[in-house]
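Every chain is named by a letter (A, B, C, D and E) in the order it is written, and numbering of its residues begins at 1.
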Amino acid sequence: MPMLQTIGLNKRFGGLHVTNNVDLTLEAGEVHCLIGPNGAGKSTLFRLILGEHLPSSGAILFGGEDITGLKPFQRIRRGMSVKFQVPGIFKALSVRQNLEIAMQHHYPPAALGEEIDRLLAFLNLTADSTRLAGNLSHGQKQWLEIGMAVSLKPRLLLLDEPTAGMSPEETFATGEMVKRLNAEGMTVLAVEHDMAFVRQVAHKVTVLHLGRVFAQGSIDEIVANEDVAAIYLGQTTAHETAHEAAHA
Amino acid sequence: MDVGTLAFSALYQFGDAFAFLVLSACGLAVIFGMMGVINLAHGEFIMCGAYVTVSAAHAGVPLPLAILIGALVSAAVGALVEILIIRHLYDRPLDTIVATWGLSLIFTQGTLIVLGSTMAGVGTPFGSFTVGDYSYSLYRLVLCGMAVLVIAGLYALFNWTRFGVMARATIQVPHMAAALGIDTRLVYSLTFALGAGLAGLAGGLYAPTMTLVPTMGTTFIMEAFVTVVVGGADVFLGTAPAAAVLAVVKATMTSWYGQLAGQIGLLIAVIVVIRVLPRGISGFLLRERA
Amino acid sequence: MRKEVMLSTLGLRAGYGGKPVLQGLDIEVRQGEIVAVIGRNGVGKSTLMKSLIGLVPAMEGSIVFGDRPVEHLSAFRRARLGIGYVPQGRDVFPRLTVGENIAVGGMRAGRVSEADRERVLGYFPILRERWSQRAGTMSGGQQQQLAIGRVLVANPQLILLDEPSEGIQPNIVQDIARIMVQLNADTGVTVVLVEQNIDMIRAMAQRCYVMDKGRVVAELTREDLADGEAMRRHLAV
Amino acid sequence: MNALSRFFSRLEGPQTLGRGPGFWIGFLVVLAGACAYPLFSDGYTVGNTVYFFTWIFMALGLCLIWGYGGALSFGQTAFFGIAGYSYGILTINFGAAYGFTFVALLIAIGIAALFAALLGYFLFFGRISGVFLGIVTLSVTLVLERFMAQTAGPEWKIGAARLNGFNGMSNMPPLTVPWPGGDIVLFPDVQLYYVVLGLLVLVYLGLRILVNSPFGNVLVAIRENPERAEMLGYDIRKYQLGTFVIGAALAGLSGVLYTSWGQYITPSSMGMTAAALPIVWVAVGGRSDLTTTLVGTLTVLAVFQALTIHGSQYALVVMGIMLVLTVLLAPRGLIYALARLIARPFTKRQPGDA
Amino acid sequence: ADPIKLGVLEDQSGDFAAATIGKVHAIQLAAEEINKAGGIDGRPLELVIYDTQSDNTRYQEFMRRVLQRDKVDVVFAGFSSASREAYRPIVNQFDGLAFYNNQYEGGVCDANMIVTGAVPEQQFSTLIPWMMEKYGKKVYTLAADYNFGQISAEWVRNIVKEHGGEMVGEDFIPLGVSQFSQNIQNIQKAKPDFVVTLLVGTAQASYYEQAAAANVNLPMASSVNVGQGYEHKRFKPPSLKDMYVTTNYIEEIDTPASKDFFAKFKAKFPDEPYVNQEAENSYLAVYLYKQMVERAKSTKRDDLRKEIAKGDVCMDAPEGKVCLDPKSQHMSHTIYLAKVGADHSITFPKVWEGIKPYWLGEAGCDLTKSDPSAQYTPSNPPPKN
């Protein structure tokens, strides 16, 4: 059974048809990347999946169940979790408290402290645990948010541009983290513009363009697709090759 | 009684309620809608406008000019208040409730101490006219006209002028507005002064028709808040239709069941509107066309 | 012949709540240069940009723009002197339309001239298409383009770009780099660029500072930039 | 011993100032002082202190809703008034015998809470937040005031209880403890003092446990970023509603105590001025913490009363100036700032503390 | 000798201040005079004054304070009836003695209270028949929508009926409302012969200006306005033209006693905007208290009430002779009918002397026998037994 399935999903904003009959299927255990030009409708699709927007028409199945009409928190409780494009953290609370709020219902109180320490170390934020989250640098905020999303132990992890603003090195580390989570059984749907990252993690890539599924396939197929290059990739990037070489 | 007389009287009552709602609310709406500040000293700016207007009129200044002076003095006081107090509170708008509450105590009681408990009025100008069986105060029509003028002026100011766009930008993302070369402090001061000035204008316009006491501002407050809530955050789209809707509610309820019904009708209208249109009328007009 | 210095800092210390992030930082940017600043997350790159435009006050040290010390001027005065700033995270005015956002960008120069507007809309056609959409409802990448366009429309002498490629589709990243280089060639505009995208740095920058812990720890030349190995070493510091 | 330390640990957490043995020793000292003080004081002062205490419950409730939950309720006085009138109606009809006044107290609080649940459902499930929430709740309390003010006529009565319009309702019995040797009527004096003090300690500790529990964590999360809190799987509307109802019940408790204290309740208890006062108390003390709210409310009440006594006409002006200065100079509240100042030499700077 | 302490709780700030600052001044004036003349039975009078800020809770706080801490012998307190009701339970609880020196809706039957202000039966039984005689039988009432307004309106209604007149309309206005266009039109529609205006508070006084601007031009009658809020001084003529008010005192009263009082008042408080009926009520109350204490040779409430029970506690006040009624502990008054002219000058077409506060006693309140400590209204009279 697919982990997530959208069936004929449509979303209109006034005259703007932002999501156009999208059929997307995510198999359990895969890392699926969603790419496409700015304004293609990727974030909107995310919001539909999360229930922040209600679709104009169409249905969403999660683990075989129809979740189209559910409220966001109900979807989260069924095993989704998300990192937004713009970091959504509790700015006036400490880093540690941010994680505590995310995790308190998923771990027994006795184990909570230890779990938080573990996650802090994993996120490289141990030294910053008492700082206010709002005072972190942009990249650190991204990490914290990923940490909060992951800590819910979701079946499906949704990542909207997880590496925005990260250096190649950090992007790579994030990719490794995603792979590790995936190896532990998490299904991942990520929106990214960083092709190196996509190449590093994706089992399957879907290209969205003008609200439609424009192409789908493995990363190599997509990169080789001239139409995709025309609308999105531009000339093949030199650095991507360098990056690959470095971590080969 | 013929239909024309009835229609005119209904229209007159509606216009009268509309003017009171608009003029009470517009100063509050500008400050709240633009700056997110709940100005509990709104009534005191109204009082200030009224007092200055009447003092000027007593000193022999013609009434229209006196009203203008009232509005300007209120605006100046508003600018001063912004510079001394409000400016320091923009990052915590809810605290402005306390600060402006404090200000209102200072203004009301200060006026009482300095100027005494009342001030003699100037009398309503222009006399009356008759339609059918009823006679009406002509000045009330002037108030109505002023209300329309103020709404139109505000709309034009904020949507069509440089200052308007600048002010809206500043209020949304102040640091970015500054980084693009806008003198955000000046914009804040001017916007607050505008709100205070409009309150003063309301005070000046109503001064000839009312008792002048230091607490007179409070009689405007409820109407002002109700209109702002029903209008929603966007002053220019919201205030006029909100005042129109509420004027209908108030005028009808008052004429059928008396003033208490009119007042409670207003407050119930708020709750209903909030239930149906949580973001007020302007929120509805600007809704993400989903 | 070396061109005049357009922007320099000397011993600049700046930060938040009395705690400096920049720990005595010196840079020097000459007129017409495109200089990149790189460094890991959290080393203070954005703080540097904010303190150059005046959003983070300088606690110590100097910032000289042209021949004027500007460290005591408030942000809007620096902007009026000709500094344009594209922040990390875009910060468009969400409830203004695209058109109004552009208009605000042009305010320091008075009205936006027809020609400037057309030029910017030529760079970013999506802005023309969405001229009266409210900026807050634009996609992330669209907002980024708006943020850049909003600054270009006022023809600044110096542009501070904080991670302009973030969230932008690859071919538009290339476009932006091309536009900036073109602009630099045509008008001699000076650019300070904070970036993580190596391709973009390579495509644009003539020189590069490497930052760590609030200080400049290295300076890379164009040649160094071409060397993939050296670049990675620095970005990994 | 272990149980005790576990109990104390539940009272502490990042959501409350005041931690560790130092704080709790101080707390016990203050409590002991509060218990002993009627022995050294006169009836008036004790009665007046009870009067101050009666308001604190409403302030603590608002602190919970606003300071912790981030939802500004400008209408706490509505619940205050509803509970006060309910207490009056119940006790005028059924008397004070057999400890009925305490039953009436509970029922009155229940009625206020029920009303809050209805209103809150309306508000929070309609996703109203921020300043608007403030204005709507204010409107509600103003409707109640206007309405109650005109109930002067004989037709406005419930059982034997005349609502009595603007003049207010009186003649209800004070809280009365049934006692073998004759009921103890709790006039504002020493007995009432101990009862209210006991309630106060109970509510204060209870709220501390609440805000430091996972519930409290979610509450501040909603204050900081409701969208994100929801995306962590919390039904924020239910949390907000729950908080609102608790806060309303506390306002109701204040209402009943006030009514019993002066045997009087009036529509102006729900008016504009009355509605603004709780906000002033909470904001001046420091709304983000229970302890500062408690101390702040007491301080403001005492200072304002003292000013009125000694300041004659200038009292209101001075109050106004004090409010403005407090907001300007102590952004997080006066008591909060003082607590910080006092605590500074004793706390180690935490690494990375900004 | 030990001073006699007199507590004063009046509103010197807030909504009601305009009408009540004069009460405090009147008490100060009387106390000064008495002390100059050797005090009460040789004991000086000491005032303990608190500003109640037009706030009921302040009355509660300070009533406890004066009775329990300052241990005053007597308290003079309150303008609005709400404030009186707020402090009355406390006076009862401490078994103190309080003077309510204010005109009000009547009906307080409470042995701890003495009322020197006028009540509806005194003002309306005189005013309404006179007006109906002069202007006609169709009456319209415009009243504040709370206890005072509603009960007064009831009095008006009953008296109009008794005298064969007709109520052509009644409008009630919530306190604080200042806009009257709709009411003005209602009145024009009903075509009454005169309008009874029972408007309370500064906001509601705006009616006069607005009615004049709409050219309503009907005679008006009132028991509160002018005598209390001196609207004829605050509004521009001729907005109060043809207003008739029954009051037990205003500063224009042209008797030697009144002129003398007014002169003394102005000498001490030259900036006083107006000396209204409540100022006189407060002034005479001090002398009344002096008389009672001197006769009883005691300040104890029970001793004073024994004197009252004799039924001859009377005095010559600035308004004329007044007496305290033992059954209700209310005051008889000289009632002046004041007419406001087109130029807002005052004339007195009629004066009634010795009008008694008859209703409470007739209805069954007899404080010499029992003390119910309650407030009654015509539609909710004392229980008959």
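Please note the rule applied: a residue touches a chain if its C-beta (ideal position, glycine included) is under 8 Å from a C-beta of that chain, and two chains touch if they have at least 3 such contacts.
Which chain is which protein? Per UniProt: A, C = Branched-chain amino acid transport system ATP-binding protein; B = Branched-chain amino acid ABC transporter permease; D = Branched-chain amino acid transport system permease protein.
Owing to the predicted nature of the structure, the values given are computational and were not obtained by experimental measurement.
Enquirer: With chain centres defined as mean CA positions, report which chain is farthest from chain A.
Expert: Here the answer is chain E, farthest from chain A.
Enquirer: Which one of the chains is farthest from chain C, going by Cα centres?
Expert: The chain farthest from chain C, judged by C-alpha centres, is E.
Enquirer: When I count C-beta pairs in contact, which pair ends up with more: A-C or A-D?
Expert: If we tally the C-beta pairs in contact for A-C and A-D, the bigger total goes to A-C.
Enquirer: Which integer distance in Å separates the CA centroid of chain B from that of chain E?
Expert: Chain centres of chain B and chain E, defined by C-alpha means, are spaced 36 Å apart.
Enquirer: CA centre of chain A versus CA centre of chain E: separation in Å?
Expert: Roughly 76 Å separates the two chain centres.
Enquirer: Please compute the C-alpha centroid of chain A, do the same for chain B, then give the distance between them in whole Å.
Expert: 48
Enquirer: So the centre of each chain is just the mean of its C-alpha atoms; given that, what is the distance between chain C and chain D in Å?
Expert: 51
Enquirer: Would you mind listing the residues of chain E that make contact with two or more other chains?
Expert: 13-14, 145, 172, 174
Enquirer: Can you list every residue of chain B that touches 2 or more other chains, as numbers and ranges?
Expert: 109, 112, 218, 222, 260, 263, 288
Enquirer: Two or more other chains in contact with one residue: find those residues in chain A.
Expert: 13, 135
Enquirer: Enumerate the contact residues on chain E facing chain B in the complex.
Expert: These residues of chain E touch chain B: 13-15, 17-18, 21, 145, 171-174, 176-179, 181-183, 185-186, 188-189, 202-203, 205-206, 209-210, 212-216, 233-236, 239, 271, 273.
Enquirer: Going by the contact rule set out above, which residues of chain B touch chain D in the complex?
Expert: 32, 36, 38, 40, 85, 88-89, 92-99, 101-110, 112-113, 218, 221-222, 225-226, 228-229, 260, 263-264, 267-268, 270-271, 274-275, 278-280
Enquirer: Using the touch definition up top, name the residues of chain B that touch chain E in the complex.
Expert: 9, 12-13, 16-17, 20, 109, 112, 116-124, 127-128, 130, 133-137, 139-140, 208-213, 215-216, 218-219, 222, 251, 254-255, 258-260, 262-263
Enquirer: Which bits of chain D are touching chain A when the two form their complex?
Expert: Touch list, chain D to chain A: 14, 214, 217-218, 220-221, 224-225, 227-236, 350-354.
Enquirer: Which residues, counting only chain E, touch chain D once they are in their complex?
Expert: 12-14, 49-51, 53, 55-58, 60-62, 64-65, 68-69, 80-82, 84-86, 88-90, 93, 145-147, 150-151, 172, 174-175, 374-375, 377, 379-380
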